[in-house]
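The structure is given below, and queries will be raised subsequently.
Lettered A, B, C and D in written order, each chain numbered from 1.
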């Protein structure tokens, strides 16, 4: 298991951050390469709200890195929803600019957009799709697993005093998005961004146990993305395992073309 | 080196958290104790803003745990200033209630206030002193190293558009404290809290390189705390090292009495 | 994800060791329990030769701990084959005595044999079955996944200059077992030990991709153990995933009775 | 704190290994460098017997990396004494060839001997000096802190049934060195190797608390190395801290010239 834990300082976040990094096997890294100039493709991977990058160790992510000879890099995103917080760290800036630069300075990864994909699970998928839509010069492809996309609906629920189901309250959503009464059509509204899509290929994987299925279908239609569904399993863990595996395969093998 | 890294879920924080735990050596843990009922004293330790619990590995913290047969437990506090954020996680609640309970369920540590001290560095010292003042039934003693206490001054600087020097902007201070124009006298104002001190012993250690020296002296007077200063070293790292060491010694050996 | 990394000193190993610990979720840990006296069952889990405890993060182990409210504790075993090395650390002693005692001193785990099971993968299964056979007063049950048991065959291969397929050479096998020409019938021969079985229940899980299948069947017959096979999957990762999952379910739910 | 934990597979060790890596701060890494082709100097650092690479987190190692803009990379060496074990992994080969190659493939570090130094503490210093003497084409400098060098004396003690004081028994020393009755003059005898020194600069730092002081002086004379002593402190921790700090300064600043 080739695996790195990175702790370092970020100027954008004004503090320390952590990331988990899954590497290709060392033979994939061509040890006899004397010049050490080869640059590997990379998948940037964002965890769900309430989780942390460590969660990916329990998914078939490391295997994907090994089998496909790519780096998979998962930063901790705390409660930022992978966004530039109105009252807090500018996580979107960190994620799309500083963090890749820090990693490129320390790891043999390619800086070309065609070698950089971004992905996520749950609200991490929201962050990934947003980043792919806004920074196609950085990320050429995107994979979303059981994505939670309709933040307007969630903000409205919070304003009405209901459960958001994503580990956020009205106050913490305000910290992220500012005026949550005016979310629709804002720069954080993924459906608005999707309609302005410039380039990039998108994949939406569904495990069968998500209750946000319809949101993935809806956004896939707008961006003309691929929808992948896991097989029918009695054991829903196996379905989730397969959804992730298929999504990662899609990334690594031809990106759906 | 006896050392634990803990990752777990918090209901209060509505998500995952991390902590670093320094343990007494195993012989200190009395391996022949068949009943495993001994409960150890614990020092809860809070890092500076912009840092993380990992920072304590580079300080003589583990040595203190070993030599004194205590647990030292350091949680990551992100950018919460160890406070109940107006727009974000209620870190003070987590720190003073849920987190000790989680640890007591998993580790052989005492729940008696007399065996529980809290400490911190920089803004972590602010959090530690605040917790010790507000929860004397949980923490009976407090040690602050190079503390940064005058949050009112920092909020004012931020409002005037100046540098806060603690990795916070006007917006991120609002996320923590809410209305930062009305900080003085609020429940987050450490000087106000200090004047209402009910019990507990306090120690303020200074390394010589802090520019907040006067704040420690001021608050020490109010709470009738001990002030400890490191020796005179050409090398300021040694001074810092000694300040921490003396502060921890104070905690472990008689708590200054 | 409730997860601990432990680093500590061992007297038996005469040095530092590492372990990964998967915990029940905190609500499973009954936070309102004021006395913190509840003791949880524990599964001790041994990795395959050439691997490390970290490998278990990529398997459905954490999930098993959470769903069943048990601790799962996986120590690093290096190249010891979980044995008392003829020329090296006495890992079997460590594993069956000191390590459980260290963990019981630090974690809320039960010391009763009925609450202690041991398991492993590959050569780790060899270590687990050996420990369960030799220390039924410590471990009441055992689960072996794709076990590699016939060390005599492996020693003979090594002596003939062939590949052992378990990351060991003739020299390193000598370091573990001493005189590898006289292995059969020795205290490290699992088939000899199996015939002297005193108590305990055993489960042998097979993923379909192991080439040591026959060895599991053979030893299961001797100890009257349960054999579990994963379903038929085109994707052999899913088969392996399911074998582990079923094995852990067997441990947690009724132990096959 | 810029800090990496690496877990990966080694062909030479036939299994997994771990290493701790201390990085220059990110600004030291020149984020605006678009080509990411800069290669940093590196200090390879070996822990004492009975310890692990994690021990270096408690020493001023990370600070040295940051202040001097170098990588410091510390692998776990288990009980190998950093040697090609007669009955076990060929750690010396790993350390001097495969491990640097793995790291160069993954990190922006220089492969030139002039940018590669090796150091260690206690028996790690033995390993470091041995590697520097045998592989001057890989490591151009060496720093030894409180080194334990006279393995012949230790082997003799073990043969006489005495305490070795380095966490080794007669058997475990045989596993490392083979025939320990014929150690003097062998390829593992550092004094023999020292007399054949071809190139490289050496520094021997002493904290005042080592009982092996004379061995450092003796070998320093043979290799014409620098001896550095910590100041006189009542607190021997400060002496040790300073010895390490001075040793690392020697490495980073001009290497004693």
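To be clear about the criterion, a contact is a pair of C-beta atoms (placed from the backbone, for glycine too) under 8 Å apart; a residue touches a chain by one contact, two chains touch by 3 or more.
Every value quoted in this text rests on a predicted model; they were computed, and no experiment measured them.
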item: Chain copies touching (subunit A, subunit B) - same or different residues, decided at half shared; value: same
item: Relative to subunit C, chain with the most remote C-alpha centre; value: B
item: Of A-D and B-D, whichever chain pair has more C-beta contact pairs; value: A-D
item: Superposing rotation of subunit C relative to subunit D, computed on C-alpha atoms, to nearest 5°; value: 180
item: Interchain centroid distance [CA atoms averaged], subunit A/subunit B, Å; value: 34
item: Centroid spacing, where centroids are CA-atom means, of subunit A and subunit D in whole angstrom; value: 40
item: Centroid spacing, where centroids are CA-atom means, of subunit B and subunit D in whole angstrom; value: 35
item: Two or more partner chains touched - positions in subunit D; value: 1, 3, 7, 9, 16, 51-52, 54-55
item: Subunit C - residues contacting subunit D, complex; value: 7, 9, 14-16, 18, 49-52, 54-55, 78-79, 85-89, 167-168, 171-172, 174-175
item: Of all residues in subunit C, those that touch subunit A in their complex; value: 1, 3, 51-52, 54-55, 57-58, 60, 62-63, 235, 237-238, 241-242, 245
item: Touch list for subunit A against partner subunit D, complex; value: 1-11, 16, 23, 25-27, 29-31, 33, 36, 98, 101-102, 104-108, 111
